[in-house]
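Per-chain residue numbering starts at 1, and chain names A, B, C, D, E and F are given in the order in which the chains are listed.
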Amino acid sequence: MTVFHVSEIVDALQGVRQQWRELQRRALEPGGRDLPAREALAEVVETLKGVLFPMRLGPPDLRQESENFYVGHALDAALHALLAQARLELRYKARHAETDHGEIDARALAAVRAFSQRLPVIRGLLDSDVLAAFNGDPAAGSVDEVLLCYPGVLAMIHHRLAHELYRLGLPLLARIISELAHAATGIDIHPGAQIGSAFFIDHGTGVVIGETAIIGERVRVYQAVTLGAKRFPRDAAGNLEKGLPRHPIVEDEVVIYAGATILGRVTLGRGAVIGGNVWLTESVPAGAHITQAISRHEVRAPAHERPGTAAPDAIATGAA
Amino acid sequence: MTVFHVSEIVDALQGVRQQWRELQRRALEPGGRDLPAREALAEVVETLKGVLFPMRLGPPDLRQESENFYVGHALDAALHALLAQARLELRYKARHAETDHGEIDARALAAVRAFSQRLPVIRGLLDSDVLAAFNGDPAAGSVDEVLLCYPGVLAMIHHRLAHELYRLGLPLLARIISELAHAATGIDIHPGAQIGSAFFIDHGTGVVIGETAIIGERVRVYQAVTLGAKRFPRDAAGNLEKGLPRHPIVEDEVVIYAGATILGRVTLGRGAVIGGNVWLTESVPAGAHITQAISRHEVRAPAHERPGTAAPDAIATGAA
Amino acid sequence: MTVFHVSEIVDALQGVRQQWRELQRRALEPGGRDLPAREALAEVVETLKGVLFPMRLGPPDLRQESENFYVGHALDAALHALLAQARLELRYKARHAETDHGEIDARALAAVRAFSQRLPVIRGLLDSDVLAAFNGDPAAGSVDEVLLCYPGVLAMIHHRLAHELYRLGLPLLARIISELAHAATGIDIHPGAQIGSAFFIDHGTGVVIGETAIIGERVRVYQAVTLGAKRFPRDAAGNLEKGLPRHPIVEDEVVIYAGATILGRVTLGRGAVIGGNVWLTESVPAGAHITQAISRHEVRAPAHERPGTAAPDAIATGAA
Amino acid sequence: MTVFHVSEIVDALQGVRQQWRELQRRALEPGGRDLPAREALAEVVETLKGVLFPMRLGPPDLRQESENFYVGHALDAALHALLAQARLELRYKARHAETDHGEIDARALAAVRAFSQRLPVIRGLLDSDVLAAFNGDPAAGSVDEVLLCYPGVLAMIHHRLAHELYRLGLPLLARIISELAHAATGIDIHPGAQIGSAFFIDHGTGVVIGETAIIGERVRVYQAVTLGAKRFPRDAAGNLEKGLPRHPIVEDEVVIYAGATILGRVTLGRGAVIGGNVWLTESVPAGAHITQAISRHEVRAPAHERPGTAAPDAIATGAA
Amino acid sequence: MTVFHVSEIVDALQGVRQQWRELQRRALEPGGRDLPAREALAEVVETLKGVLFPMRLGPPDLRQESENFYVGHALDAALHALLAQARLELRYKARHAETDHGEIDARALAAVRAFSQRLPVIRGLLDSDVLAAFNGDPAAGSVDEVLLCYPGVLAMIHHRLAHELYRLGLPLLARIISELAHAATGIDIHPGAQIGSAFFIDHGTGVVIGETAIIGERVRVYQAVTLGAKRFPRDAAGNLEKGLPRHPIVEDEVVIYAGATILGRVTLGRGAVIGGNVWLTESVPAGAHITQAISRHEVRAPAHERPGTAAPDAIATGAA
Amino acid sequence: MTVFHVSEIVDALQGVRQQWRELQRRALEPGGRDLPAREALAEVVETLKGVLFPMRLGPPDLRQESENFYVGHALDAALHALLAQARLELRYKARHAETDHGEIDARALAAVRAFSQRLPVIRGLLDSDVLAAFNGDPAAGSVDEVLLCYPGVLAMIHHRLAHELYRLGLPLLARIISELAHAATGIDIHPGAQIGSAFFIDHGTGVVIGETAIIGERVRVYQAVTLGAKRFPRDAAGNLEKGLPRHPIVEDEVVIYAGATILGRVTLGRGAVIGGNVWLTESVPAGAHITQAISRHEVRAPAHERPGTAAPDAIATGAA
C-alpha cells in the first residue's frame, strides 16, 4: 500500500493544468520553459552592482589596482546573461506571431547594447542619490555607510537599471528586477516611473510609486508614501485603458513626509513640502507647505487599569 | 591569556537558560530538537510551488512532455518531508500528555494525506487569483508575468497551502509558511483567514488580514490595508479569549483601497468600495462607496527656501 | 567584431569613478576593501542567535546534553569574526587621521569583549520579549512558536545585539545588523533606540523607531507605527544638527495601535493607549486613551455597477 | 604602486596564447566555449546512476512507490543535458568543415536517443557485474555492499555508459566519462574496450585496459593488470596508425591476477588463469595456468641493524 | 511528439529492476532507502578528523583556547550521525530475520559508544604514524607537513577509525570509510587488517593490504606493495570459505619496498627488508634481506632512430 | 543520562594532545591556525588553470573577446590568495626564530611576484606537454581533448606550478599542490623534480618521480614507472641526509614503458628505450634498448575446472 495517493493527485493536477491551458488557449507543445527567470536576473543585477561600485559592492577580495579587469570581466558576463533573458522576453511576447527568431534576437542584442552604454550615466545618477541620502539624513555617518546600508539606495540601484530596460522595450525583465528590490526593501517603484537625480527615500517600507509618475531632481520621500493613480478609466468594452498618464508629477526639491498619499495626475510644484499622512488628490503650487488640517485625536480620562488587563474599550488595529 | 572570556560567558548563558526552563517548568532532558524547522518548510513550499506550476515555478530545465514525472517525484518528496514536520508539531503539542507516538503519527499521516488531496483544488483557486490580478491591473502584461512577479500572488500561494494545514490541525506549520511569505512580501495573512477565489492584493506591503476574517469572491485589496480586530476580550481571569470571531467579513466583489483600516466583526456588503486611508469600525451596506469625509490638509504660503536649508517648521515623520 | 563595447564602457565607468573620488577627495591608492561586510555580519548574527537560543535557533542536530560545547565553540568563532569587522569599522573611521593601527585594534578588542559580556543580559531581555508576545497575542500557541515565527521577535534579537554595538562605539556594524532585520521583517529600528524589557511588536511591517527614542518596559506596538522626529534643526551653517534628542519617550506599559504616528520629543505617559492611525505631536499624560477624534468617512448611495467595470468615481490609491 | 605587475603578465599570457593559436592555425574569433564540459558530464553520469539504481544510488529520500516518477524525471533531464554536450562534441569536430548546424544537431539527437534505449540493457549488464563481484570476493557481505563500495563496479558503470557513447560516435564524451572513473578509482578503461557480462575487477588501482581490447563473459581481473599494446606501428609518413587492433582478446572465464601485463593482439583462451606479475606477449591456450617461471628473490644473511639505521645496502624504490 | 521515449524506457527499466528483485528474492515493499550512505559517512569522518586534530584538520577559524568546545560539539554531532548509520547497517543485516528494532538499536548504540571511547587511543596511534613518516622520509619538512600532505597518513586515519568499526560488528560502515580513503589515495587497506603503531606508507598508490593481514610496529611500506591472499579455498559445496587467515604476518620493523608482492599466510620476520618488485610466497626469517635474484634486463645495441619514429621492436605496455 | 560520555572523551583527547605537544616541545599558546590550507591552495590552482587556459579551463561562460579582463581579474585574486598562504608557510618555518614579521612578509611578496612572472613560461611549457601527448597517443583526437581529459597533463599543470614555488623557497605550498594532483591522478611527482618541455605521461596511475630527478626534453613515460632513490644515506648520527642527488637523470627523448623501476643517481642516455617492468639500478648509454632478459612465465597443462570452482593451485595476488 502506498503512503500517499501520488498517482491520483498527479492526474488531477494534470487535469487542472489542462483546464488552464484551454482557458488560456494554449496548445500543449513539447518544449522547455520559455519565460525569463527571476534567479538569472537576480544574478545579473548582483553582478552589475559590482560593475557599478566595484570596491564597495564587488567581490570582497577585489583590489583597487585591478578594478578594471574585474569590471570588464563581470560586465561581459552580465551582459551576455542579460541578453539571454532579453531573448526569452521578446520571444515570449512574439509567441503567437509569425516572427523570425533571428530578427527577435537582433532586437534583443540592440536593446542590451543600448542598456550597456547607459551604465556610466546610471552610475552618475546613483552617486547623486547616495549624496542626497548622506546630506538628508542626520544619522548617516559616511557615503559608504549609505551605499552599504540604506534600503532606499538599494531600491534606486534596481530602479535605475530596470527603468532603462523598461524604456528599451523589456518591461518584463524590468518588472522582475523591481520586484527583487520590493521584496528586499518594501519599496515598490514601477520601472516606468521617471525619477531625476539626487532622489532620497528614507526608511522606505511601504513606498509605492506608479508607472507614469514623473519625479524631478533633489526630491525627498519618506516611508509609506504613495504616488498612485486616482482612478482606472475603462474603455467602451469595459477593459482597463493602459498607458494613460495617471500618477503624480513631482517637481524639483519637493519633500513628502511619511504616509502621505498623492493620487492622480496632479502636480506638486517645485519645493513643495507635503506633511506626514496627508491625503492629496489635487495639485499644489510651488513652495506650498501642506500639513494636516486639524488635530486628529481625542484625549479621554486616564484609564487606571493596566493595559494588559481587559481594557474594555481599547481600539485595536492589530489583527491578532 | 585568552582573548575572550568564553567559559565564563558560556556558564552565564547556561544560567539564563536554566532560569528560563524553570520559569517555563521544563525539565532538562537529554535529546534533540523537537520543533518544526523553518528551513524544512521553506523547502517543502518551494517544491510544492513546482508541483502546482511545473513549467513556470518548477526546475528551469523541465520540459512539458515530462511534467508528470516531475510532479509525481517532487510531490512524493514534499509530502514525506511535510509529514516529518507534521509529526514534530503534533508530538510537540502532546509533549506534556501521555500520548502514544503511534497514534500521533497516524494523525499526522491523515492530515498530510488530506492536504495532498486538496492540491488540485488549491491550484484551481490560484489560477483564479492569477486571472484576477491580470484583469485588475492595467500594468499586467500577461498571466505568466503575474505569476512570476506579483508579491500578492506569492502571498496567496503560501496562504492557500497554509490555510489547508491550519484547517487540518497543524497551525504551527501553517504559521511558519505564512511568515515565510510575510518576510518576502510584507503581506501578513493569518493562515486562519478564509478567502474566496479570484482574490487580488496589489503592491501588498503592509497588508494585515486577521485569523477570523472571511473574504468572499473577486475581492480586491491594495497595500497597507488592515482587516483587524477592534478589541481583545479577556475572560474573568484576565486571560485573552481565543478563537472568537473578531475580524471583518468582506463579501463578494468588494474593493478596499490602500491604507484603509477595517476593524472588528463588521461586514462589508457585496460590491462595497472602501476608499484609501478610510478608518472603519462599523458595517457597510452592499454597494456602498466609502470615502474620506473631508479634505485633510491645509495649504500655507509658499516657502521660498530650499527644503534642504533649515525649513524651521517642516513637519517630518522621518525617524532620522 | 565584439558583441558589446566592453572596453569603452569599462573606460567610461572608470571615468565616473574618478569623478566621484575627486568629489569625495579620495586618493586612488592600491589596496583591498576597507569596509565592514554585510555578509560577514549576517553570519555573525546567525551564529549568535544559536548561541543565545541553542536548542531552538542553533544547528538542527544539536542535543541538549552538549549545548555548552556548541555554545562555547560558536561563541568563540562569532566573537573573532565580529572583532575583524569591528577593526574594519574603526580603521575606516580613522582613515584620514594619523591613528596607530595597534591602538585601534585594542579599542576594537575592548568593544567586542564588552559586547560579549552583555550576552547573558541580552538573552534575559529577549526572554521577556518572547513572553510579552505570547501573553499579548491571542493567536500565539506557545513561547516556542513565538520565537520561531514572530517577525517582531526577530527584529528585537537584531536590535538588542545592535544596540550594544552602537553603545560601544560601533554604529556602522550596528546599522548593518539593524538593516538585516529591516529587510527580513519590514521593521526599522535604529540601533540607537533604547528599549526596555518585554517589548512586543505585532505584525510589524512598516514600524519605524528613531535613533533617540526611549521606550519603557512592557510596551506594545502594532504594525506601521512611527516613533519619528518632527523636524530636523540645522545649525548656523545650514548643516543638520546631529545627536539631538528628537524622538518620543514612551513610558512603561504604553500600547500604540497600528498606523499611529508619534513625532518629536514628546512623552507618552505610563499606561497610555494610542489608538490606530492617530497622528500625535504632543505629549500625553499617564493613563490617557487617545482615539480618532471623528469618524472619517462618508457613506454614499450604493453603486450598482460591478467594481470591476468603470466605477467613474472610485478613489484609488493603487499605483497600478 | 601596484603589488603585482598584473597588466604585464596579462599581456605576456596573451602573447603565448597567440603563439599557440598560430601554431594550431586557429583564428581568433569572438565567441564562447565550444567544448564539452567535464562538470556537465559528471552531473549527467550522477543522474544516470540514480536512473539505473534508483533506491541505491538515487536521492536519499526516494521511496520505492514513486521510483518511476523519479526515474522518468531524472532520465529526461539527464538526456537533455547529454544532448547539449553531444551537440558540442559534434560541432567541435565539424568546426573546420562547412557543416550545417541543423544536420549536426539531428545526429546528436539520434545518438542520444539510441543511447537512451540501451539503458535497460546496461542495467542488466551491471547487475551481472555486481553478482560477479559478490560471488568472487569472500569479503563481500551483500550485493548492496558491492554496489555501494566497490571501485570496480563504479568503473564499470562509467565504462558501460561510456562505451555506448563511443559506439554511437561520441568518443570525446565517452573519454571524459571514463576519466571521471579513472580519477575516482585508479582504473583506466578506454571506452572503446568491449567487455562481456559479469566482469569483476577487484581492488582495481592501476588497471589499464586498452581501446581495442575484447573481453568475454565472467572474466575476473585484479589490481594493476595491464591489457596493453605491444607496439605502435607508424605509417610511411611516420605518423601513428590509428584504430588497428592492438590489445588482447580475453575469452570467457579467464582470471588475471594482480600486476600481470598482457601486451599486443594476443588471445587468452577460455578459462585461462594468469598468475600475478606475469609478463605475457603471446597467446595462451584455453584452460592454461600461467605462473612465474622462477622464484625471483635471493635471501641474504640476516641484517642485525634496525632498518631505520643506515642499512648501507638496502635496495629502495621509494622516491623519497 | 516527444524528444525521447521516456515512458517506454521507464517501463523497461522497471522491468529490469523487477527481474533483479525476483532474482534476489526481494519483495517490492513501499519504503525508503535502508542502506548506509557514503555521503553521511564521509561527513562523519571529516568531522572526526577535526575532533582528533582540531588545530590542524578542524575548522580554519578555530583557536586553541576554545579547542575543547569545538571538540565536544563536533564529537557529539559525529557520534549521533554515526549512530544513525550504524542502525541502518544492523537493521539491513537483520532484514530477513524477526529481529526487534529496539534490540538492534541498543546494539548500535553500544557499538558507537565503544567506538567513541577508543578515540584517544586512535589519536595516539596516529601520532606515532605521523612521527614514523617524518622520521622515515628525508623530504619531510615537519610533522605538520606530514599530517597535511601525506596520503599514507590520510589512509591510516581512515583505517584506524574503520578498523574499530569492523571490530565492533559494523563491517559495512568500515568498508565504506576504507573506500573513501582508497578513492582519495589509491591505498586499499581492508578494515579488517591489524596494524601496529608507527606504520608508514610512502607514496602509497597501488598498495593493497588484505583482511587478515597482521602488521607489527614500526613497519614501513612503499607504493604498489601487495599483502594479499595466495589462494581462495572453497568448501565442499564450491563456495568460497570466508574468514580464514590468508594474508601475511609482518613483524616489527620490517621494510617492504615498492612493488613487492607478498602472498599467503607467510611471516616476514622482525626487521626483514623486502626489496622492490620482489615476488614472495613463503616466510622469511627475522633480519633477512630479500632482493631481486638476477638482473632482469638485456641491453641491446643503441637504436639510432628517434623513439618517436617507428622503432619496430619497442616493447610497449601502454594501452594507447 | 547522556547518550555518549562526551565530556570524558573530550578530556582524554585533550590529554593526548597535551602529550603530543610536550613531545614536540610546543607551548600551548592561544591563537589561530598557523598552517597553509589545502582548500585555499586548491582554489588558487583552479583559478590559475583558468588564467593559463582561459577558454578551455576558465569559467564556462567566458568569451574570447573578454579573455584579458578575466585573466587580469582572476590572476590578481589568485596571487593575493597565494601571497596569504606564502606568508603562512614562511611564518610557520620561522616560528621558533626571532624573525621580524615584516621581513618575512617581504620575502613572501618577492617569491609570489617572481612566481607570477614565470606564468607565461609555464604556459609555454604546458603547451609543449599537450602537443607531446597529442603526438604520442594514437587515441588522442585533438589537443583540446588532451587538455580536458588526460590525467598526465593535469599532473604536469600542478607540477610546473609547484616546481616554481619549490624553487622560490615555498616547498610546503609546492608539496600540497603536488598532492592535490596525486589524489586526482595517482601520479606522484615531487615538486623538486626538474622536467624539460614536451613531457608526456600516459595513463599515469602509480607513476612516482623523486625530488632530485632530472628529466630532459621530449621524454615519454607510462603508468607505474618509478624514478626513485636506491638507498637513503644516513649521517654519523644516524639521521637521513637530506638534499643529496639520489634519483635518476633522464636525457632527452627517452621512453620508459609501464611498470619500469629506475633507482638511484643513474643516467638514461639520450633516446634510450626502457621496456615495461624493467628493474634498473645502473646507467644506460644513449640509444640503448633495455628489455626483459627472459620470458618470465611457465605454461602448465590446461585446467579443466571452471576458475570459479576451487582451482587448488591458482596463485592469487588479490587481497580479498
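Here are some notes:
Keep in mind that, in the parts below, a contact is a pair of C-beta atoms (placed from the backbone, for glycine too) under 8 Å apart; a residue touches a chain by one contact, two chains touch by 3 or more.
Here is each chain with its UniProt name: A, B, C, D, E, F = serine O-acetyltransferase.
In this text the structure is predicted, and so the values were computed from the model without any measurement.
Separation of chain B from chain E in touch steps, taking the shortest path, is 1.
Greatest centre-to-centre distance from chain C is found for D, with centres as Cα means. Centre-to-centre separation between chain B and chain D, using Cα means, comes to 54 Å. The mean-CA centres of chain A and chain D are about 53 angstrom from one another, to the nearest whole unit. Computed from the mean C-alpha positions, the centre of chain D lies at a distance of 22 Å from the centre of chain F.
In chain E, 2-3, 6, 10, 30, 32, 61-63, 65-66, 68-69, 71-72, 75-76, 80, 137-139, 186, 188, 190, 203, 205-206, 208, 211, 223-224, 226, 228, 232, 258-259, 261, 263, 276-277, 292, 294, 308, 311, 313-320 are the positions where the chain touches two or more neighbouring chains simultaneously.
The residues of chain C lying in touch with chain A in their complex are 3-10, 12-17, 19-20, 23-24, 28-33, 35-39, 92, 135-139, 171-172, 175-176, 179, 182-183, 186, 188, 190, 192, 202-203, 205-206, 208, 211, 218, 220, 222-224, 226, 228, 232, 240-243, 253-255, 257-259, 261, 263, 271, 273, 275-280, 284-294, 308-320. Against chain C, in their complex, chain E makes its touches with residues 59, 61-63, 65-66, 68-77, 80-81. Contact residues of chain A toward chain C in the complex are 51-52, 54-56, 60-65, 67-68, 71-72, 75-76, 79-80, 83, 109, 112-113, 116-117, 119-120, 123-124, 127, 137-139, 141-145, 148-151, 184-186, 188, 190, 203, 205-206, 208-211, 213, 223-224, 226-234, 238, 247, 258-259, 261, 263, 276-277, 281, 292, 294-304, 306-308, 311, 313-320. Those residues of chain D whose C-beta lies close enough to touch chain A in the complex are 2-3, 6, 10, 32, 63, 65-66, 69, 80.
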